[in-house]
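Below is one structure; the comments refer to it alone.
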Amino acid sequence: MIEFCGLTLRHRVINASGCFDALAGARVFGDRLFDEFPFAAYVSKTITLAPRDGNPPPRLWESAAGLINSIGLPNRGLGAYLEDDLPALARLTVPLITNVMGSTPAEVGELVAALEDRPQVRAIELNVSCPNVATGLDIGADPQGLEALLEHVRPLSSKPLIVKLTPNTADVAECAAGAEAGGADAVSLINTLRAVALSPGGAAPWLGGGSGGLSGPAIRAIALAQVSAVARRVAIPIVGMGGVGCGRDARELIDVGATLVAVGTECFRDPAAGVRIERELEAAFAQYAG
Amino acid sequence: MIEFCGLTLRHRVINASGCFDALAGARVFGDRLFDEFPFAAYVSKTITLAPRDGNPPPRLWESAAGLINSIGLPNRGLGAYLEDDLPALARLTVPLITNVMGSTPAEVGELVAALEDRPQVRAIELNVSCPNVATGLDIGADPQGLEALLEHVRPLSSKPLIVKLTPNTADVAECAAGAEAGGADAVSLINTLRAVALSPGGAAPWLGGGSGGLSGPAIRAIALAQVSAVARRVAIPIVGMGGVGCGRDARELIDVGATLVAVGTECFRDPAAGVRIERELEAAFAQYAG
Amino acid sequence: MSAPFGRRSSVLLSRRVVGRYVVLGTADELAVAEPGQFYMLAAAERWGGGEGERPFLGRAVSVMRVGDRGLLEFLLEDVGPGTKRLCELEVGEGLILVGPFGHGFSVPEEPDTLLVGGGIGIAPLVAVQEAWGGRALLGFRDAGHAAGAGLFSEPTVATDDGSIGHHGAVTELLDRELAARPRPVYACGPPAMLAAVNERVRRHGVPSELALEAPMACGFGACYGCVVATVDGYRRVCVDGPVFNGAVLA
Amino acid sequence: MSAPFGRRSSVLLSRRVVGRYVVLGTADELAVAEPGQFYMLAAAERWGGGEGERPFLGRAVSVMRVGDRGLLEFLLEDVGPGTKRLCELEVGEGLILVGPFGHGFSVPEEPDTLLVGGGIGIAPLVAVQEAWGGRALLGFRDAGHAAGAGLFSEPTVATDDGSIGHHGAVTELLDRELAARPRPVYACGPPAMLAAVNERVRRHGVPSELALEAPMACGFGACYGCVVATVDGYRRVCVDGPVFNGAVLA
């Protein structure tokens, strides 16, 4: 049993937001998915206030040992999430962590407040990789902005707040420190790295969204560097992710300071990756004393 | 023939700094390397004022479709470069671009000034991926700092100044704009991304230098994103690099705005990569109209 | 019926070349796939290291034939590093199976349903014809690809270069059939062909089921990467399709 | 003699298993390698997609045997994704050669030079013995590895588990020989063995040439990744070695 922000989890392996859909999974693999849920907690895809269609296709590009996605955070909006998804997710046998994104502190506050009276939601992950309308940068790339965001949101929620940091920054540890100072209970990283792919036939961008985010084994060494930098800087627990494909990868993120490990892209290659990696992680722990 | 910052080059493909050593190459492959030089210009490894031993081994780690290096900029210092290397490099049949790094504007100025009366040095590349002693961040990650650096150095040199930007920043286009405002003639990117590898046997860092930089195909999509962002922002020419392994890769960097393409890690897999990629690039140009 | 959870290791049991295509045979004891469904396939060893340091993800491949005791056949065309690796697999080499996924073709109301296939898109229609019959109208680039017609009973063939069968588009064969007798159409093929088929079925007001393709990362609804525009907005091809009623496509 | 510039495509001409090792045969018309030199090898196809999405770079492999008409033999042990792929290569498959690189062993002054090899480190000593003779003292983990001794004429073998030959370290065999008659030592093997050998040759004041290993990216002096500490500071194993005079090693 692992203690994380007051939650007690069966083990250290959870899913990365947007990389495993419990409801679609139950449709495809049957309801027993809930009984044998592959992760110690379920992190939802990012929810926004208003419904979003997401980006026009194509949304995917396979790169060297990685994947570039430009999904565009499609979701049916906060209202539908509360009315339809939460009841459907009542069958979950693991804690639910809801991932939300807003383009202003006020929007984020609204999302967080709306989840407050839902005991089913055990923690909230704040996706701050949202482009700042003014600068175009991720709002999460600015430590002061992050601290201010957390100071606004923190009083609105009694639930653990996990800040999902962006890797597209000069000093991710400084950003983590800002989140901690603002009252975050934990940080999670790394999100995808800004990337571009061109159409095979010509010079035009391949992705309907223009640019996208790189994930998978290609970024694992960058995730190790960022997680270890953050761990040296903050005291709050860390959810480490980025290119984890096996128990040894998970073990390495824990070695550099992560408390939990999230699996993203590898879920696409193996829907049961969570189960396998948790098992391999046990073995990796046994193999050598860190 | 390609025009670049007043230099006339045979084609668009040059080497990335630190990835091809003309003097060691001549020892290994013979003097005809100079006659059939694989690149349109030769970029030296980074030179510093004082000699540097570089980092303790191990210095290399192979990652998914990439390489992590922690070489630590070993070099015999400015004095030995001027006395020994420049004369030896007189046999070069292509323009020489000297890459220099200093930890303060004064140091960079000293390096640049010392090259001023050496007509053999046709251009200077400023490696600004040097950790700022105060913040630990790359000095090149701060747009204002970059502009100030260039304003100090620009008057000291009549040669083209190419600023080698760091990718470990929130807004590489802003950094490029700072360099341009300060008087840079061109920018080159991307340098390696901060990365960490752990020893197979245990939790300790593998690299003698602790952390390193990721290069190779794994980062190519990130390079495409950063080069296109910079091209949309500045008017000065761009040397694009990052994961280029074939003519199509080079073509894509040119498609998003690069004037020249530099080949780094691929040189290790194929010493003659410059020749091959230039040939493939011709074919790629023929294949489709950009 | 729901798919087995997780990926399974299998081996290549048979391999044969059919013109420009390769037919791969393997077995999946755990599931019975329906016509129109697909698997995500990968080689167990050396999946990667091809063009552009790929493949990395599994590749969506339609079920072409379902036999007894879980026997499965797939039809592959080498169009890139993933299908190249799969086409080069040797009997006895390991294969990774995830699936079967997707919403397949429905049982036809009409025995003489028109099965319109283009290129590699013929694969799911082989399964349809073997399960429920139907009249196959097949379009190919040239004779080398048209060899795939041999997988059907009594097919009518069209080739772009006229080297075999009707010289022209398969939709011209479809026009004749629909003019002679309007009836339901099942189709799979390149986007342009499917658009042309959809235009015709709408004109003739006949029901249609079209099997689409889209770049896929997961195949089971997790990544939202495979969407297609429909009258109700974007839908995931892997879970809401790959077979769609032509009327809902935007 | 300088190495041909660039990488060349070759094919695997022969493959045989020697205990835990694999001997690969190929040809390089363009160069004649000397004992102690090495090539950077990669498979032409599917170099990648193994453990950790590797290999990516070529792998340094010592020349074990140089025959007529550019024939070359290499000795491989599967210790990771790169050597695994090379060990699995089949005759006729493509091989990429870059090299030969490095500063090899010098012509011995003394016919009865001691050749001390450990594990896969025996490879370059096979070339030495075939070129100039010498007395082979070989250390292995167990009998499976000791099969490599069959590549030498009149070797003396030690194994860690005592399953074959002397039960103990190869350096104990070296002690005997040096006590009997001090003479030059050529050695290649794991770092710990080379350190122990170097300690002994220094004690006996005999000349030594030690072939080192280091992680390598390029093999021709470009990356500065392969350095070893010497009395004159860090030196690149690929161009200043891999064979070093034991006296210069720090």
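Letters A, B, C and D name the chains as they come in the text, with residue numbers starting at 1 for each one.
Simple rule for what comes next: a contact is a pair of C-beta atoms (placed from the backbone, for glycine too) under 8 Å apart; a residue touches a chain by one contact, two chains touch by 3 or more.
Everything numeric in this text was worked out from a predicted model, so none of it was measured.
Trainee: Could you run down the chains that neighbour subunit A and subunit B together?
Mentor: Chains touching both subunit A and subunit B: C, D.
Trainee: Starting from the Cα centroid of subunit A, hunt down the chain whose centroid lies farthest away.
Mentor: D
Trainee: Could you put a whole-Å number on the gap between the CA centroids of subunit B and subunit D?
Mentor: Taking the mean C-alpha position of each chain, the two centres sit 34 Å apart.
Trainee: I'd like the Å distance between the centres of subunit B and subunit C, where a centre is the mean of that chain's Cα atoms.
Mentor: A distance of 47 Å separates the two centres.
Trainee: Note the residues in subunit B that touch 2 or more other chains, in rising order.
Mentor: Each of 61, 63-66, 216-218 in subunit B touches at least two other chains.
Trainee: Could you pull out the residues of subunit C that touch at least 2 other chains?
Mentor: Counting only residues that touch two or more other chains, subunit C contributes 48, 52-53, 55-56.
Trainee: Which word fits the touch map of the chains here: line, ring, star, complete or other?
Mentor: Shape = complete; every chain linked to every other.
Trainee: Spell out the residues on subunit A that touch subunit C in their complex, using ranges where they run on.
Mentor: 18-21, 24-25, 27-30, 32-33, 36, 38, 45, 53-54, 56-67, 69, 71, 74, 216-217, 265, 267-272, 275-276
Trainee: Can you list the residues on subunit A that touch subunit B in the complex?
Mentor: Touching subunit B: residues 61, 63-66, 68, 135, 137-138, 141-142, 168-171, 193-198, 201-203, 211, 214, 216-222, 224-226, 228, 243, 252, 255-256, 288-290 of subunit A.
Trainee: Could you pull out which subunit D residues touch subunit B in their complex?
Mentor: Residues 2-7, 42, 48, 52-58, 98, 101, 214-229, 233-234, 236, 239 of subunit D touch subunit B in their complex.
Trainee: Please output the residues of subunit D touching subunit A within their complex, sorted ascending.
Mentor: Residues 52-53.
Trainee: Considering only the defined contacts, which subunit A positions touch subunit D in the complex?
Mentor: Going by the criterion above, the answer is residues 65, 217-218.
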